[in-house]
Each structure stands twice: as structure tokens, then as C-alpha cells.
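We call the chains A, B, C and D, going by the order they appear; numbering starts again at 1 in every chain.
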């Protein structure tokens, strides 16, 4: 267990980070605020979106700390469009299912996989393709990060995690696909207080817990 | 486009959905389906951000910030709903477990393939789950206005906007009528109330076969 | 909801079936008994093991109903070895992690994936390989079945499932990877009695529930 | 092989495991580690059939038929244990999330690569998770008797039995001593009590470097 600011010292300039959340829902907002206060810049961010203008990852974008973004849907934040047009932000767009599968693959030791999604479209340009049965498929590479910043609902002291409703989204897969996994949680409980059948992320994946200030 | 037209298209599209089917509803007119009283309890709604069993919108004082649909709007959970992560959600989609995806479209070609993600003249910075749904759902129903906001036909011989998938859609429901995609061609199944075959033809730039030409 | 015997009429001669369980733990034993009473034969079975001698899938093997087995560990049932040596049973061996990943891929619409497991060993013979970074990897194909026979602990009337302890094993992935999924459960409860956060297999994957006779 | 020798090897292997590390224990001597009183609470035991947090064996009258390890023996669950499916379990293994796998070996070559799955003279009908663990764990510790039951060296210049992975193991703990695999060669780190360097060399068919040659 660390405070948010101490934990964000683990994110270095030039690092590749994964950030959970679907828009702001399930995003580790306290960690992102602390990351804003840290000195880390030139970040590569793997996240579905870049928050909203000035909020979540949108705040870091506004501060010019993000050099590259890999995700599926950036148009809800118009500042992504302007940063991209100004040439200060490099963007890699993936279909959302391909993105989450690539993260899962990174966490599961699968270096690459074929998927039908995107075959024959602009997003498959330059990618290897192969036909399986009747379907044209694209070879997609796994994604892996230096640090994952995720949000869970409750953790036990070992780091077992459960999530809350649709705030679960990308968090469990990102928990598997980074060298260092930092989790913002609403609450930390004693070991054995979580139902072993309902734990979504077993503690083997978790490195640092940060309890949200009450 | 008036809310009434959108509701009429949504109501007609609902009839294309199997009872107790698992359905994913895209942003726009498809989402209107979820708000129809006659949809209530008839279908199971999947939202790709991680829920099967989307319920009606909550009253404003009962909004739960952790409970949203893929359009990031507040929702409720129906009895029997389940939450899951995004990897399992897209496994459902890509693996062919969603009975029907109802999607909007910017353009449709003569073979039923659609452009549904890249907005003309804008940098390509958003795709979301559009390609996954188009590629993976067992059946794809398009709901849209027959003409663009500029009054141009959206059903065209060849797409000029970026294609969403090599896979053609199955049914197109517009304010002008219902088309099936069958054997690689468009087949007019039904004209909307008040739409003549002549007017439908004028508003459709691609060739199509006429199946049933009578209004409902 | 069907009885076990009625449900097993959905398994046809020559079908490919997946059967859950790690040995007999988490295997759908009542369904397998009913399958023994049905006429289906020449089955291709995808399962980690073929039960124990005369038990579970072992009973079907003894009846000569299994023509081909795909799995990871058959040596605990000596009758598999004798059937294989007699030439009556064709066996395809996969590393256990590759097998479960291939089943998951089949359910997730991924036709093939690269994995480092097995590269350079006898189990990679004849398979395409490719180097990713320093690691040699093998291209493995997805597995998919006509029917999956699985065992869960509790289902609600919609078909949402939860499992019990290590009886979970292959059952959740197999639930995703067959045209028809038949589930043996200990108990069926009303809709909304299961915690939506703890449901492991959402009902979209389930076709038929068979309640174990009390 | 006496139970006492197995326990001695297991006890020595336990010292190679990091405190609070996540460890997978293969069938045979590795499993003995879990039964050592000094192991209790020191490590988290992962079993590939779907549990993190394997606890001590239950008394016979408290066996739960749904709770077994990868050897299909009854176990208990420790406080803080979690259950998961086999896909996530092997994602942990292949994805490098298991700190140490402790495995048996039939043979080890001069570069530290092992044969650990196909039994000589039998049809190849079982592999289980052996290759996944060998390939994916962050660190692999082999526990074995130094000689085969026929009295032959198991550490040989070249494998004659089928290889389990191209990846070499990290440490070998036998009843004769402890070897590290370092820079592609075997390095003797420690001789077991009562074993001389001469006797160790006689019992080892492959070449090895001598690091520390004293007994503990």
C-alpha cells in the first residue's frame, strides 16, 4: 500500500502505461491526478479513450504529457483531435475488441493472434492477413505496458480485487498486462473477506494498492 | 430528423428482433429501441462495455455513476443481468454469441456492406466497437434515415466512405422501408407507410430487387 | 430445461463434443451417463482427460463410442493407452494451456494464435512456427465443438452460471465454444438470485439446463 | 526413493522460493514442499486446475470433492484464496505471473534444458501443464533424485528423452546438491551433506562448472 503520489513515482518519463476505464467510468481518477502532479512525460498511453477535456487522461493531454495514444475511441475529447492535427500526439486506432484482446494476449503470454475484425478496412492497412475458412483475418500483436493504472472497487490486503458494475471494463485485462500494476480502490478489507468464487483479479497480478481518500 | 421518425424506425426494427434474443444496440436510432415500452422484457440487451441485461434509463435522482451503456449514458440493470470485463464482452461479440446487432450506417453499398465509423472529412480517431459488432454478430440490422442530412441517398452503388467490414449486413430498416441483403443483393421487402416504390427508387442510388412492393 | 436423456438426443453420431472437468472433478457425470444410454457413437471428444477406467468419459470409451480424443493428459486411464495401441482411438495431445487457450479462442472468434508453449518439442511437429523477439512460437488453431457438456454448480432460470471451487476448471471456456451448450447443474434458482458481479458464465452462452436429480 | 530423501530435497528447494512468492508445485517431490510445516504461510501455492492459495491437505473426514490440486488430490483453500477457470490459470502461467515453478525432471542436459513429460517406452499420451510451466514461469526449479531408479545419471550431455521446452531451467535441487543454470552452463553451487565433489562428478554425466564446492 502506497499513497497515490508515492505510487506515481513508479511511472517514468517515456513509459508505456495502460489506463483502465471506459471514458471516465472505472478510470483511476485519483491516480491520474497524482500522475499530473508527478514529472512523468512523453508517455505512451494505452486506454480506450483519453478521458474528457481536462478530465482524467484529458488533463494529462492538456499538460502535454502524452506523446502517443493507443485506443479505440478518441473523438469524444476534441482536444485529442486538435493535438493530433497539431502533430503533438501520435494516435494508433484499434477496434475496441481487438484492443482488449491484444491486452489480454499480452497478459497471457500470447504474442500475436488472428482476428476477423477490421480485415479489409483502413485499420488493417499494413498488417499481415490470412484466410481461415471463408474469413479474411488480420494478425494483431499483443500489447504490454511498463505500468498499468487501474481502478477496482474493493481489494483485500493481499491484492485480490473485485470491481463495480460496468466500471469493471478494461481493468481486469490491464491488470494482467503490465510489469507493474497499480490499483486505486475504494476500500481495502482483511484477507478472506472477499468471496473466493467472486474474486475477479487474483492477487498474483497486483503490485501496489492505493486506497482512495475517503 | 424528428424524434418521431427515429421512434418509428426503432419500432419497425424491433419487429426484426427475435423474442428473448440477445441484442446489442449501437449509438443513435438503435438506442431508441431500448426506450420503447414494447421492447421491455422482450429482448436481452448487451452493451459492449460489460453488461448483459441493460434495463431502462434511471430517473435522474437514481443515476449510478458505475452503471453506463456503451454511449456512456446512465442505465439500470435488469433482473438476471451480469457484469463482465471487456475481453469477455468482445468474445461474445466476435465469437458469434450476440443474436443481433442493430447499428447505424453512414452509407450502404449495393452488396449490403456498410460504412459506419469514419466520419467524412474528419481525422480517423474513433472506431469503438463498430467493426467488432459488424463482423461478429450473428445478424446485423441497420437502422437509419434513408437520406443523409444533406438529402443525398445513403444507399449507393459503391462506398465512398471507409468500409466497416467485408461482411454485409442482413437487414436495413429506414424511414422509407425495409430491405434484405440476400444472395449479395439488396431486396426491397417492405415500403414504409406513405412511401411509393417510385419515391423509394428515387431515394436509393444503388440497384435493388423488388421483393414485396406493397406497403404494410 | 430438459431431462438428461432428452438433452443427450442433441448429441449425434459423429459429433465433436467438449466435456468439462479435470479428471472427474467438475465433469458432467449425469450427462455422461445419459450419453452412455443414447445411441451416439464415433464421437470426437475434446476434454482434458478421458475420465477414469469405466467412469465418466471412461465408460463411453469402454463402450467404444469415442473415435478420437483431443486433450492433454490421458495416461491416468490405462484403457486410453490400450485403445490407442489397438488402433481404435485416435489421440491428439496438446499442452494443457494450449488446449484451454484454443477452446477460449474458438469461443471468442479468434481462429488461431501464436504461443511459446511446446515450441521445439514433439508436440509442435508439423506446426507453423515463428519467432517473436527471442522466443520461438507455434501457431495453434482454435477448437470448436458441436455440443459442449459442462457442469456448473448453480444456474438461474435464464442460464446464468456459477461454479464450485476447482470444479470450475474448463467448464467456463467450453461454455463459449460450442454450437449447443448443455449444462448439468446441482440447483436452479430464480432469476436475480445470483449476484450479477459473481456470475461466471452469462446466459448468452447457455442453451440447455439439466438439473441433477436430487 | 525413501520418503526422507524426498523430504530433504523438498526442504532444500523451499529455500530457493522467495517469501510470499506465487509458486506452482508439480507432481512428485515438488508437492512434498506443500506438506512441510516451514512452508506454511511462507508462499502462495498456485495449482493450474484453477486455484491460487492451496492450503494443507484436509483430514480424511473433511474432504471436499470439488477441491483438488493438479494431481487430483484433495486440498484445502488458504485464507485469501481465489478460484478461476483454466484459461485464466494458464494465462497466469504462460504470461509470466508465476514466480517459481518447481518441477520434476526425467533428464537434464548440459545447457539446463529438461525432459519432463514423455515417459520412455510409453506412447506419448500425457503432457498436462508441464510444458506451459516450464515455458512460462519466471523461474523454474527442478527437484529430483540425482540418479534414475536404475542408478543412471539423469544429468546428461544430450537429452535422449523428449524435451519439454527450449527454455532452460534455473536451479536443480537433488539429493546430491544444488546446481544453477547460468550463462547456458551448469554450475555446482552446493554439495548435499555427505556428498563429495568426486561422488557428485561420478553421478553427473554432463559437464558442469564448480562454483562453491564446500558442503553446507
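Going forward, contacts are C-beta pairs under 8 Å (C-beta built on N, C-alpha and C of every residue); 3 or more make two chains touch, one makes a residue touch a chain.
Quick caveat: nothing in here was measured; it's all calculated off a predicted structure.
Asks: With centres defined by CA atoms only, which chain is the most remote from chain B?
Replies: Of all chains, D has its centre farthest from that of chain B.
Asks: Can you check how far apart chain A and chain B are, centre to centre, with Cα atoms defining each centre and the answer in Å?
Replies: A distance of 28 Å separates the two centres.
Asks: Taking the mean of the C-alpha atoms as each chain's centre, how many Å separate chain B from chain C?
Replies: Measuring from centre to centre gives 35 Å for this pair.
Asks: Taking each chain's centre as the mean position of its Cα atoms, how many Å separate chain B from chain D?
Replies: So the centroids are 55 Å from each other.
Asks: Note the residues in chain D that touch 2 or more other chains, in rising order.
Replies: Only 77, 83-84, 90-91, 93-94, 136 qualify.
Asks: In chain C, what residues contact two or more other chains?
Replies: Answer for chain C, listing residues that touch two or more other chains: 101, 104, 108-110, 115-117, 163-165, 196-197.
Asks: How do the chains pair up in terms of touching? List each pair.
Replies: Pairs flagged as touching, ordered by label: A-B, A-C, A-D, B-C, C-D.
Asks: Contact residues on chain B for chain C in the complex?
Replies: Of all residues in chain B, those touching chain C are 22, 44, 46, 52-53, 77, 79-84, 88, 90-98, 136.
Asks: What does chain C use to touch chain D in their complex?
Replies: For chain C paired with chain D, touching residues are 22-23, 25-26, 72-76, 80-81, 84-85, 91, 93-98, 100-101, 103-104, 115-123, 136, 163-173, 200.
Asks: Mind listing the chain C positions that touch chain B in their complex?
Replies: So the residues of chain C in touch with chain B come to 104, 106-110, 156-158, 160, 176-177, 191-192, 196-197, 199, 202-205.
Asks: Spell out the residues on chain C that touch chain A in their complex, using ranges where they run on.
Replies: Interface residues on the chain C side: 101, 105, 108-117, 132-133, 135, 137, 162-165, 195-198.
Asks: Which residues of chain D touch chain C in their complex?
Replies: By the definition above, chain D touches chain C via 47-51, 64-70, 72, 77, 83-87, 89-91, 93-94, 118-119, 122-132, 135-136, 162-166.
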